[in-house]
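So that you can tell them apart, the chains are marked A, B and C in the order they are listed, and the count of residues begins at 1 in each.
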Amino acid sequence: MSPTIKPAIVSDLGHAVGPARAPRDAALAIHGLTVSYSEKPAVFSVDAAFSTGEISAIVGPNGAGKSTLLKAALGVIPRLSGEVYVFGDTLRNARARIGYVPQSASVDWDFPTTVLDVVQMGLYRKLGLLGRLSGQGRAQALECLDRVGLADFANRQIGQISGGQRQRVFLARALAQDADLLLLDEPFAGVDAATERAIIGVLKLLRKDGKTVVAVHHDLATIRDYFDRILLVNVRRIAEGPVATTFTTENLQATFGGRLATTHLSELAIMDDGH
Amino acid sequence: MSLFVEAFFLQAGYNATLVAIGAGVLGFAAGASGTFPFLRKRALISDAVAHATLPGIGLAFILMVTFGGDGRSLLGLIAGSALTAWTGLLLIEWISRRTRLTEDAAIGAILGTFFGAGIVFLTVIQGMSAGRQAGLEGFLLGSTAGMLFQDALLIAVGGSLAVLVTWLMRRPMTIVAFDSDYAMTLGYDVRRIDLLMMGLVLSVTVIGLKLVGLILIVAMLIIPAVAARFWTDRSTKMIWIAGCIGGASGYLGAVLSASAPAMPTGPIIVLVAAGIFVFSLLFAPDRGVLVTLFRHRGFQARVHRRQGLLALAAHHPIREAYTLRLLTREGLVRPDGVPTDAGRAQAAKIARDERRWDVAREIYQDTGLTGRYDGLTPIEDVFTADEIAELDHQLGPPVTARTE
Amino acid sequence: MGAEFVQLSLIPVLIGILSAVACALPGNFLILRRQALIGDAISHVVLPGIVIAFLLTGVTSVAPMLLGAAGAALVAVGLIEVVKRLGGIEPGAAMGAIFTTMFAAGVLLLDRTDTSTVHLDVEHALMGNLESLVWLQAEGWHSLLDLAILATLPDELVRIATVCAIVVALTLVFWRWLKISTFDEGFAQALGIPAAGLGLGLVVTAAIAAVAAFDAVGSIIVIAMFICPPAAARLMTNRLEHQVAWSVAFATSSATLGYIFAGYGPLWFGSPAAVSASGMIASISGIILGLACLYGPQRSRVK
């Protein structure tokens, strides 16, 4: 990134190409990211910037590459092209500042471990290989569990709790990482209403502390209540911006195509008017 | 060399001929019946089945000797080995269904335990009456020295039966291998079909034990099927291709080992099969490694080229060195990143296509079409010329590339 | 239980236990990673590794053999990855294709090499030779305190004890990393833990354990010890720490009971000849696993 690059001009391609350069204060800036598993891109040339202190949503149909985008941003899967900056720094340098909540299906729930153990995994990076897990570390893990309302379940095996509770454990683990940027993959998928309230409560508290939250989200009905910004993707970036101006029927239609029932869209449009 | 030619045309003596024919038929049967377990992603069960024959061999020998028999009767030994192998199969199924252990752990556990028990029986036999056990160790690595006509006959009959059953049951086995839940909704008894698949593997294993031994028979059950996968996408064809690869390896391996001293048959057969496998892995036309690597590099270049042109079209700098090199090499940009005339023209075309896509995605709410908006698929691949003309009509007159 | 025990049985029992534990420790992680059969693959490719090491150096000394076997394991793992990734073949079949081929190559090389002067043959490779590892210089338990006599301990014991210590140390040092990358590889990578390297390290450790054990007890026991004790242990508890402890306990008792039954069992049936201790140890570990499958408190899968 040479400093002489002129600022992004308004693209003559509509939304197809993003800003040449993310704002300085972006917590997570992605440039021209392309990832593919086979002979078809799962994510193509996506640019995005998520600003500090906001809760942002990544929205798109199933198979749109949302999880792939997150994983590539974290360096978990290799990218074909593109660059990722975290708080203006490279991924390698900023790794300690990122927390991650994977999609819950990606884990072996039969693994012999307890809820508290899993939360303590969030401390592993700080502990290094041989650092001892102090009583303080334990207390910290327990406190994170308490914040998601699961303190009483600390000693259960991870497979013996409900889906919503598992999701909370993952969130508690990310909290234990004490990260400035939290990436969550469908944290509300398949959870009960109580868990959903608990999770969004925690996320909003994080925002109050100046943390940045980016979540893949699938429920269009709650976007307005939960999020400040939104990135619409379907392999390519469709639109990005504040929820108020970007979460529009046209953009949704462009993202979901025929997949989104028109009735659903008009419902959302009504909500649109209500605001 | 001449010995090889002689052996190849079955002129190298009675024993060599029996071995070559037997190995060829066995290889064909193993390839064919190994196909479905491989497609069902359970290839390594055959490893457990093969190792689980050992205690059966030992037990059968002990029993036959105890009741005054010869102990080396091939049919008796085969019956014993089939019995313990079948027990092992059922136990694997029971463990992975009834406990939280996964199938691979169950396979490994049965394999290790049964093989250990088999070794115990072999040492018991060693203690029983020295000398009489001669030959049982041959079941570990196989031996061709004492191959009899009846051994070849057993392989021929048993092998043909296994191929026949595989062919007859190819449809249910294909469905179960492809999607067992769906097979269940069609009314197939998935558990039985699975057991049948493994039963076929078991029969090939026991008839091949004496010739190639229980460790290397596994290779003949797995390698031809894996190699065949590179040449076809159809399961029925795969049966025959795997059969031919297995048959060719068996025959060639036996011929090779007959044409030189100190060449053990079993390992040579396996190495021939492995050679065919490596060839397939590297050079197969569609799934081969070379083609895949070549395609991947081409794909990566396409992505970078496209992204570079998109950046040019938007008057953005090209950020990545590889992209820049690529476009420079094609004469689309100068090394300092400024586009050439050709580059501008291409960028203008891409910009136009992007606009066409925008319009198309508004008109066609059909995800089958708009789902191909992945940045790489040319719009001409998705829409006909007149449809594109209509898109252009809606776009208004073409905007020439901005050359300010 | 006097001088004779120390002379004839103590060393084999110790070697059996140490081998079993060295294999069971990495086995715990292998079965949780659904890679149980890597142990199977490794125990097959140890043979070509050793033969090649012998061909290159001309001696059957320990260092080259260990290196050869570990090298063969690495080659096998690399090839399996290549076949899996580039060929798009499922892991089990890729493994099966590679290790059987390498085993066949090992048998062929062995057959074509003059190994009559050294102790290297397939049967020995499979069954080991636990019973022959006696300590005739010992005169009783007090010999354990006599440095001069201790120096005559069989090399195999020293070797496997060293390897077992290394495996234990590696398990302890990398405990957290192993645990997290086994449970949730994506999260481990997001933390910056080199999950791929760790997976490879685990396999190499398993290979080293396998080859050290193989030297004394043969490869059958190696396959069984990688899987049976950890699998039985998994059915006893829902905590990894406890599972590993159980697996060590099961490995130890398999080795001890197996050796005793092999040595004394035939006598109870009135037969003078002993049976293979390695085979018996493997069988006992299987029986323990069978009991765990029937009665283990955590035997059933959570839904």
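We take it that a residue touches a chain if its C-beta (ideal position, glycine included) is under 8 Å from a C-beta of that chain, and two chains touch if they have at least 3 such contacts.
Since the model is a prediction, treat every value here as computed from it, not as a measurement.
Enquirer: What topology does the chain touch graph have (line, ring, star, complete, other)?
Expert: Graph shape, chains as nodes and touching pairs as edges: complete.
Enquirer: Ranked by contacting C-beta pairs, which pair of chains comes out on top?
Expert: Chains joined by the most C-beta contact pairs: B-C.
Enquirer: Per-chain Cα mean versus the mean over all protein Cα atoms: which chain has them closest together?
Expert: B
Enquirer: Starting from the mean Cα coordinates of subunit B and subunit C, work out the distance between those two points in Å.
Expert: Chain centroid spacing, subunit B to subunit C, equals 29 Å.
Enquirer: Determine the centre-to-centre distance between subunit A and subunit B, using the mean Cα coordinates as centres, and give it in whole Å.
Expert: Distance between chain centres: 38 Å.
Enquirer: In angstrom, rounded to a whole number, how far apart do the mean CA points of subunit A and subunit C lie?
Expert: Centre-to-centre distance between subunit A and subunit C: 43 Å.
Enquirer: Could you say which residues in subunit C touch two or more other chains, in rising order?
Expert: 234, 301-302
Enquirer: Can you list the residues of subunit A that touch 2 or more other chains?
Expert: 110
Enquirer: Where in subunit B do residues touch two or more of the other chains?
Expert: Answer for subunit B, listing residues that touch two or more other chains: 100.
Enquirer: Would you mind writing out the residues of subunit C in touch with subunit A in their complex?
Expert: Per the stated touch rule, the residues are 32, 173-174, 176-177, 179-180, 182-184, 186-187, 189-193, 234, 237-240, 242-243, 301-302.
Enquirer: Subunit C touches which residues of subunit A in the complex?
Expert: Those residues of subunit A that touch subunit C are 71, 74-76, 92, 95-96, 98, 100, 102, 106-114, 117-118, 121, 124-125, 127, 129-130, 157, 159-160, 173, 177.
Enquirer: Which part of subunit A faces subunit B closely enough to touch in the complex?
Expert: For this pair, the touching residues of subunit A are 1, 5, 8-9, 11-14, 16-17, 20, 31-32, 34, 36, 39-41, 44-45, 61, 80-83, 110, 234-236, 253-254, 256-259.
Enquirer: Please give the residue numbers of subunit B that touch subunit C in the complex, ascending.
Expert: That would be residues 38, 41-44, 46-47, 94-95, 98-102, 104-120, 122-124, 126-127, 137, 140-141, 215-216, 218-219, 222-223, 225-226, 229-230, 262-264, 266-268, 270-271, 274, 277, 281, 287, 289, 292-293 of subunit B.
Enquirer: Over in the complex, which subunit B residues touch subunit A? Could you list them?
Expert: 100, 295, 299-300, 303-304, 306-307, 310-311, 313-317, 319-320, 322-323, 351, 354-355, 357-358, 361-362, 365-367, 370-371, 373-376, 399, 402
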